[in-house]
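Let me begin by handing over the structure; questions about it come next.
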Amino acid sequence: MVTIEFLGPIQKAPLTLEASSLRDVAEVLKQDSEMAQWLENCAVALNDTLVATLDTPLKDGDKVSLLPPVCGG
Amino acid sequence: MVTIEFLGPIQKAPLTLEASSLRDVAEVLKQDSEMAQWLENCAVALNDTLVATLDTPLKDGDKVSLLPPVCGG
Amino acid sequence: MVELYNGALNVPEIITRWYAEEAEYNYGAYIPFIGTVREEDAIEGLSFDVYEPILNGWFDAWQVKAQALGAKLKMAHSRGDVLVHESSYIAAVFSPKRRVALEMIEQFVEDFKASAPIWKYDLKNSQRLYAADRSTAIAGAGILGGKQ
Amino acid sequence: MVELYNGALNVPEIITRWYAEEAEYNYGAYIPFIGTVREEDAIEGLSFDVYEPILNGWFDAWQVKAQALGAKLKMAHSRGDVLVHESSYIAAVFSPKRRVALEMIEQFVEDFKASAPIWKYDLKNSQRLYAADRSTAIAGAGILGGKQ
């Protein structure tokens, strides 16, 4: 099982699901209509490191974070 | 009469002399061997405003200042 | 480590403490950048969410870049609410030389705006409204939506 | 007006007072640049001569440029002796916007180094030695020697 957490303005409780790569996570989230606005503009971190490809493999206990557009300062 | 003052590291007391333009001042200072090292690299101000040409006219009571290379901060 | 505070920053305390902390390290230039909440669009203030693990990773990577140039970075940021005319952000560089300091503070602040995992909300009519229009997608964003 | 002090600057007093003075003017960015005397070449410190009338004219011209962009500049500098690890120079910009502030502090500090009528001396073995090798002729210099 992996945990998916939604940061900042995304008003959504964490999910836990079975996934062997980020591609599996994308498939699940695309079925959630309230996530549509976020998938196009969120960065993705695996265990608090940003990742660049859907082919990133996942293992049991991993944490995937979605980071929407930022504006510090 | 105009007054010539020497700023910063130029160890020289002010001069007063007759001059109708900066060209006259340059002629006088060129005869002073201790000024040779400064004439090439000093900026010149007339009454505390920098000037760009030797043709700058002078009148009685004017103050000419020589500003050697700077290094603030 | 980034210094995080609940609510507005105590700017005098932070910028003078940082100056004192580095006083003996022979830096020739110290440039703090202080960001203050502007009164505009009828907001009462701003509010911030911060994701600390990735923020510290981003900051540590910058610190390594700074060290390679003999420089050092410091940063403080608010979480939660900060009212207009209060300050929410300080970034600072210490460097032996002026040029390195001037170039680094600019690059550090700009990359902060584009990359640091902090989310901003307007406080307006007692609501907390995500500042979507002023926010920037992090480089590489969108892979879950099919952008790669 | 430039603030001139005999000897080292009281940096905490100056940078926090400037912050307080501008707190209600709705500036979003405040960037002070603080210059500190580095221990190098076995100097005991630096010493400065300042020619105030032309310095203030130079500063006032910069203030007009800043005002055209909605910004404000402040500056403090030492006269006389400043020992190693003490500070001799602070330049600061306040601006509504970050970009203006970052660009202006760089341009202001660089033009200061090239143009402000201040002369620097090394304090070494109880002597005051003009720092000729680090000094820059003001733009347009040399007319008396025949350069025009």
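Going by the order they are written in, the chains are A, B, C and D; count residues from 1 in each one.
Here is the rule we use: contacts are C-beta pairs under 8 Å (C-beta built on N, C-alpha and C of every residue); 3 or more make two chains touch, one makes a residue touch a chain.
Model, not experiment: these values are computed from the prediction.
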Target chain C, source chain B, minimum contact steps: 2
Longest centre-to-centre distance from chain C, chain (CA-based): B
Distance between chain centroids, defined by C-alpha means - chain B, chain D (Å): 24
Taking each chain's centre as the mean of its CA atoms, how far is chain A from chain D in angstrom? 49
Of all residues in chain D, the ones touching two or more other chains: 35, 98, 109, 113
If you look at chain B, which of its residues touch at least two other chains? 73
For this structure, give each pair of chains that are touching. A-C, B-D, C-D
Where on chain C is chain A touching in the complex? 35, 48-51, 53-54, 57, 77, 88-89, 109, 112-121, 130-132, 134-148
List of chain B residues in touch with chain D within their complex: 7-9, 22, 25-26, 29-30, 39-45, 48-54, 65-73
Once bound in the complex, which stretches of chain D touch chain C? 11-12, 15-16, 19-20, 23-24, 26-40, 84-85, 96, 98, 101-102, 105-106, 109-110, 113
